[in-house]
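Once you've had a glance at the structure underneath, I'll fire off some questions.
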């Protein structure tokens, strides 16, 4: 226990709160998909025309889902919290809670050539902020093994640092690309959501490797 | 522990997250029931006229409630998770989170002869997707007893597979019927919600049978 | 363990789900309090004029809060669940989830002499349904000590039955009174929320009495 | 155990419920940030113009986040609950649940010189009510060590009382200042949110000091 920043051996309530916030943010996304107000005969085509809403829901849902899975893996390696660590998690959760707003923004302006760039840039900025804060939370916990469970090698730590760093880099690049071609930018966000969904990607290998050492 | 897909002995956080998402999705349903904007004297009849909203709320609420109970039973038999299993659960939860949207769609277009078919078909498609994903989650866990607790016989497993399969089959059929007669289709969804509510239905017998063997 | 209805020694996940649903329903109530759209100078008086929204929020919030506390006390006495008990809890939670709708209804029509009766009657009907389902859940668990922890005397059980029965009776009466004078009806709902908030009321004495026997 | 007010050794379900309510209230804040409805070319500047919405979201989010962290610290010191303590927590949670309403009020009227004072005063009144109820909850638990874990000195208790008291005092002052200059008032609320986010502030030192004594 450091003199300047006391730690407590309790991550359960933080995980419960984080799970709650992520569960609500992911569920609120559907509120941005609106029932079209048309003549009955035109309902089928009106539903088809609002595909940007469904696409936005899908990409944002999968992204929060993947973040939840990664948060789950990360906290298997974390044994303690500090006041600063709780506050960093609050900031991380804030970036996730913002996501329904740019998701609705992209859905509303995707078919508008003049608004598409601004909407996509805001979406990308929030996605990048989520990835940055995920890394900040992890680096705070991992630096000098500050809050970690015992038994994690420096090599495993360095590998996780590299793996997690991929997020802000590719999201940041996709956000910059939004100013050139928003469609390419959005395709990258969608592709990343699908890619990280697949088995054999992401940082869970390290997490599991640690686990085989016992709790 | 397989070389290609490490498992972890921890289903608690997945259950908490799933419970959170299902609790929120089920509670958001009421937001689609709107206060009528009429002269005071007409309030009673205006409330009566929007019975499709109440019916949609009721059927969707009971359906999510029954899925929660079945998810509860299923996870009594599951002892471990993998990265792929977490991701499949995220996809399963996504189908549940979508449900408030087609519920509102049916409520708004049920009295419109031209929009009724499209609305009911979308509702049925989402209900079927929920049932399909429930089976995918179960089959991934159950195949070769991959993630199951010990002590489940192959016969019990085969029986549960058959029981759970009833969901996508009847929901899929009801969805097809929507194109012929949406009222019949909706009646089937309502009847299924009531049927599974009754004691003596569903897969809980097997789950309890397992339990009597001890944890 | 009965042959017809197997029980499981696990109430934790039901309590988590119920807590989640009640926490969401209670928090959604604020969404029905709307920001007035007026000239700036008139904001103060516009905020004052929408006092029915605040009153509705207050009474419904306290009512759900009190139900949560009572549910909390009730589940200290419950040791097991059955499939039917889970389903009854789903129906009980449904009545709570409906509450934001009649709360908004009363807030919108309280100042309208023609709509006030219908709105108050619907509000009372939902309040009564909550109280009835609370009793149904309790009676199912308590009859023949079906799901109870050991050590509860028949006298304590009978006393709790009587205590809980007060809810549907007074709520039902207040609902009937709505057809005579909605103001009196609403005053009763408000008074009950405040009364049960006070120390020394409600069934917690029995619950605590049981607890002093040990877990 | 007192004769008049029985206690129970169980704070887990209260913490779960409180975490749920705070997680939902914090996540609902984003629903008050609306997608602007403009010509595409004007989207960038329309997004910039609604900065009061973002500022309100930010300050309210951080405030609830900090309250959650402090609630977390407080409950490390609380070992028991009573009926009255549960009810006081319900009232405390009610003040938090109200916050999305004045947040939207300030966002909508911040640029309106005539409405700004009333909106800021309501915002401040709710913030003050949260801080007051936080103190009421704490004082009820702490007075005569009524519900506390053993091993807390009277000096530590007195110090925490003083620390927590800072909240209602500064929030109350900032609310009074709203009638003189709402900008100064809002700047104080924002500054407090940022200040309490920083390491080395708030009551966690005492909490951690207690913990080093063992559970």
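Just a few scattered comments:
Each chain gets a letter, A, B, C and D, in the order it is written, and its residues are counted from 1.
In this section, a residue touches a chain if its C-beta (ideal position, glycine included) is under 8 Å from a C-beta of that chain, and two chains touch if they have at least 3 such contacts.
Just so it is clear, the model here is predicted, and its values are computed rather than measured.
Think of each touching pair as a link: the shortest run of links from chain B to chain C has 1 of them. With chains reduced to the mean position of their C-alpha atoms, the one farthest from chain C is A.
Comparing the contact residues of chain A and chain D by number shows a mostly separate set, under half of all numbers used being common to the two copies.
Centre-to-centre spacing of chain B and chain D amounts to 37 Å, using the average Cα coordinate of each chain. Each chain gets one centre point, the mean of its Cα atoms, and the points for chain A and chain B are 26 Å apart. Residue positions 16, 20, 24, 28, 31 of chain D each touch two or more of the other chains.
Those residues of chain B lying in contact with chain C across their complex are 15-16, 19-20, 22-24, 26-31, 33, 35, 38-41, 43-44, 47, 57-58, 61-62, 65-66, 68-69, 72, 76, 197, 199-200, 202, 204-205, 208-209, 211-212.
Those residues of chain B that touch chain A in the complex are listed here as 1, 4-8, 10, 13-14, 16-17, 20-21, 24-25, 28, 31, 83-84, 86-87, 90-91, 93-94, 97-98, 100-101, 104-105, 108-109, 112-116, 118-119, 122.
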